[in-house]
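Labels run A, B, C and D following the written order; every chain starts at residue 1.
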Amino acid sequence: MQEKATSIEKAVGLIRNGDVVALQNMATQAAPMALVREMIRQQKRSIGLVVLVGGIAVDWLAAAGVIDRLIGAAVSMEQFGLCQQYRAGVEAGRIRVEELSESLLNARLGAGARQLPFLPSRGAIGTDLVAQNPDNLRMMDDPFGGRAVVACRALVPDVALVHAHRADRFGNVQYEPTAMWPDLAVMPYAARRVLVTAEEIVDSEILRRHPERTVLPGFMVDAVVEVPFGAHPTSFFPAYGYDECFHRAWTEISRDAGRTAAFVDNQLRTPRSQAEYLEAAGGEQMLTRIRARESTGG
Amino acid sequence: MQEKATSIEKAVGLIRNGDVVALQNMATQAAPMALVREMIRQQKRSIGLVVLVGGIAVDWLAAAGVIDRLIGAAVSMEQFGLCQQYRAGVEAGRIRVEELSESLLNARLGAGARQLPFLPSRGAIGTDLVAQNPDNLRMMDDPFGGRAVVACRALVPDVALVHAHRADRFGNVQYEPTAMWPDLAVMPYAARRVLVTAEEIVDSEILRRHPERTVLPGFMVDAVVEVPFGAHPTSFFPAYGYDECFHRAWTEISRDAGRTAAFVDNQLRTPRSQAEYLEAAGGEQMLTRIRARESTGG
Amino acid sequence: MSGRSGDMAVDYSIDELMVTALAAHFVDGDQACNGMASFIPVAAFMLARMTHAPELIWIASSVGLEPRPKRIPASTLEAALWRDSIMYIDQYTDFWNLVLNGRWITKFCVGAAQMDCHGNVNNSVIGDDYHRPEVRLPGTAGLADLCSIGKDLYYWHPDHSPRSFVEKVDFISGAGYLGGGDARARLGLGGGPQAVVSNLAVMDFHPESRRMRLKSVHPGVTVEQVRAATGFELMMPEGALPETASPTPPQLQLIREVIDPDGMRKSGFRTRVTS
Amino acid sequence: MSGRSGDMAVDYSIDELMVTALAAHFVDGDQACNGMASFIPVAAFMLARMTHAPELIWIASSVGLEPRPKRIPASTLEAALWRDSIMYIDQYTDFWNLVLNGRWITKFCVGAAQMDCHGNVNNSVIGDDYHRPEVRLPGTAGLADLCSIGKDLYYWHPDHSPRSFVEKVDFISGAGYLGGGDARARLGLGGGPQAVVSNLAVMDFHPESRRMRLKSVHPGVTVEQVRAATGFELMMPEGALPETASPTPPQLQLIREVIDPDGMRKSGFRTRVTS
């Protein structure tokens, strides 16, 4: 098997300015945050983000000026409220949104994964989502005379970003039993390149003990990087919960332009490693907190 | 949760003559054979069978005069050769075949599962499968101007038959880690009713230990019956392998009308229980053989 | 707030009334799921399952079937809610197989920033220019799907006001009865809005015009207060206008002590109302 | 049979030659999967991975990625073949995501009862009446998909005869070059038949007419024998006609002692050829 293990710098180096980047994320859960921070450090520009339900990752990318468009079903930090930096970007016209319902986004990505020109859905019929997006959504008749459907045009992201529990150095990626959100099942299959961070890189023998938990085959993955707590401050069940303090701090900071700029510099750009980042984010005390059983719901 | 545990007689009593019945099966693997035998005992008639790759189950149903049509991708007992009784039925015009490739069958069932009128594929384009099946397969243009696709009309079976490793009495159905053939993922979702046999019926607490292994929610299941070795003579990894002797005997018997009729009577119709059936099929000695690690590949 | 349950006076807060009023719409055999920030529906499902509808099927966070959360956690989308499930439902195929099939997940609770007189909802943008909105809301998530697929829809809104209850939403992110009358049915969409539970009243929809109609007012609330808080002309029911049933003491005990001791149900309310 | 490997005379059977001839078409980085009753391709993949193509990616039975079977078992679809895999590939979504996407599973080995001069294959029916065939064959299974999705196709056939190599198949269950020329390309289908390995010879397809063309004959086989066993006029290559390379002693040792000690590769041959 081909070696895929690399540094986070080289992995994110595979993203070009202007790329469409699909980001695994479900509100406060399971975002590949180390890859997101490295995009900010490398000052990527004009990125189009594809996200099912984006959270703090979207807000950071908006705050750092990395993204100028978003294709997704929602952006929210749930209990921590709206993403203020993202919201400001959209309201000022700096970020253009193609809003899709989840079934329409799944259909667009699913078509991309299968090299089909489109997939149909019956979701969102009658809404303005369909009416205002003729480039990618069209009502069409059933060729067999049944009910009309929304044809959802194939979407092929340039890159997909994934965080996982473990991987081997050949890019075989494994998940612990947990909620498998739809983005993980389709974004990597649809995208041209796949970048993965994993809590740990292990010997392939470990993966072979539970082949049913392997979610991505190594041949599909372009780069894999070991990043412990790589989803912080989002949760990564069952390993750790979301960082409540960190989210709460951000909701305050993000309402202020100066504090936001300082945060992006000090917390996101300056740390030279994951260890430095975690230290700045609260260190061992914080890690103990998010690892607590209660916080992960285990 | 609602009680779904019942007898095999009552479960199969839910199948009506003329129904379209979707059967889980992959050549020599994982067929719900106890349900198949009960269909034969109850002398079901004019059944349309939906199967991905049917094996000995199809041959028995053909031999017993249960089926008069088949929608599927292949019928073969692999190393044990063609299904002779099925083949004779088709060649004599008693069984009408709608042959689909796997992607087209998945698309037809997938559309049924989602109440979509059709799903597209790019498989089988250019073949006679498409050309000779205009009722259910049509070439259609992409509304966005891309490549043409085959539209595959929704297929909604009346009943789906499933065998599983374990279930609770509320119809929650669990599988051990193994190959998840596509039929299991789509047939029950597409069908109007779902009948399940399981190697064992267990307390729901057992299922809660591994919620990621539960493959069907109880609310989708109409009947569940405990049938140990319920896939015999097909394999059911990792529990047991296929019964080679039994398959081999059938390949001889099935070439002769008289011996076939006697087999259907003696081995399939006469045994009043799974225990009697297994005893007639070789008893404990046979069970030891098929449970052997080597035979299951474990 | 206070009201009467049988011949007993009880004290409760408006969030508790909304939980019981929403729970009353769910019966044995219904199938429900919830998305994020859905404390009121989650409390209603848990309450219904512990009282009048033990056979209500619940898929917590759209992930965990028949879960056993210890209590309502700070998120209705995180793992703590789908603790001890009997099945994790695969999200890409299985869950959407269920959603897109009208036979399953027969009822859905809809929360959105704005709703209009025909039950259309908006969680996308406030303002006329979609690409330069006055307010960018979170987005439709799965709402647009669930609203268009033949589910019976139950709305909850903790802030009944002319800004949230409008004649016509700025953007339809979830289809209600669209322009009213048979507009929804003409598109082949089954189901649709059944009831709205707000912090002031319970509404339903007129069977023909499909306009929102007052069904009951909460104890202590007047019709005039509801009218003033509604940005369109609310239809009045024929006959007498009942009062929404107050939570019973056993319901309150379950909500406060078992289901939601941390009071998560109170989030989303403009003013935290305490009893 | 016997041939020469370097300056050594070696004895081998035709199934072994077919294994090495097929294996020669697979290189590092290729992605292959197999279906049922595919002993020759499976032996070829295993041999290639042990010798010249250690980085050939193999999905055993279309289920198990990078498996470690002890040897070739009696079935190429059962669990014994995908023993010790690194990943079980979900069949409904993930595997078909791979198959339907031309970027993955770039090469496929096709076995079928009948094939024609343009590489179309038939595994469905023999005879003119589809609904009352002379012979009902197993059916297309995944063949029709894999043949139409831009994969490079490698055919194997253990019984080169006028019944199996026909001018036109009775039923197209897998698309080759259809009517020849640019017929396949006109439908937007990439890939297509690259080579045919039979028990007599190796064939390829003329780059313009897309007719089957002799590429090499197996040691001890004459061109006339191949022609006589072919039910259509086989094109001849320009220039000299080479002899198919014989298996080498190390290849034979691996095939016989490690990969397939039980000789499963010999099944499907009309006459079991022994060395």
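Assume a contact is a pair of C-beta atoms (placed from the backbone, for glycine too) under 8 Å apart; a residue touches a chain by one contact, two chains touch by 3 or more.
Just so it is clear, the structure is predicted and the values come from calculations on it, not from any experiment.
When the partners of chain B are compared with those of chain D, the chains appearing in both lists are A, C.
The greater number of contacting C-beta pairs, out of the two interfaces A-C and A-D, is seen for A-C.
Chain A and chain C have centres, each the mean of its CA atoms, that are 29 Å apart.
Centroid to centroid, with C-alpha atoms defining each point, chain A and chain B lie 39 Å apart. Contact with two or more other chains is made by residues 114-116, 121-122, 147, 177-178, 185-186, 211-212 of chain A.
Annotation for chain C: residues 64, 88, 92-93, 96, 100, 149 touch two or more other chains.
In terms of which chains touch, the assembly is arranged so that all chains touch all other chains.
On chain C, the positions that touch chain A within their shared complex are 36-37, 61, 63-64, 69, 73-83, 88, 90-93, 95-96, 99-100, 123-124, 130-149, 171-175, 178, 184, 187-189, 267.
Of all the residues in chain B, the ones that touch chain D in their complex are 26-29, 53, 72-76, 78-79, 82, 86-87, 90-93, 96-97, 99-104, 106, 121-129, 132, 147-148, 177-182, 184-186, 235, 237-238, 241-242, 244, 294-298. Of all the residues in chain A, the ones that touch chain D in their complex are 1-2, 113-116, 168, 172, 185-186, 189, 204, 207-208, 211-212, 214-215, 217-220. Of all residues in chain D, only 29, 31, 55, 57, 64-66, 84-89, 93-94, 96-98, 100-104, 149 touch chain A in the complex they form.
Those residues of chain B lying in contact with chain A across their complex are 114-122, 136, 138, 140, 142-144, 146-147, 149, 151, 153-154, 177-178, 210-212.
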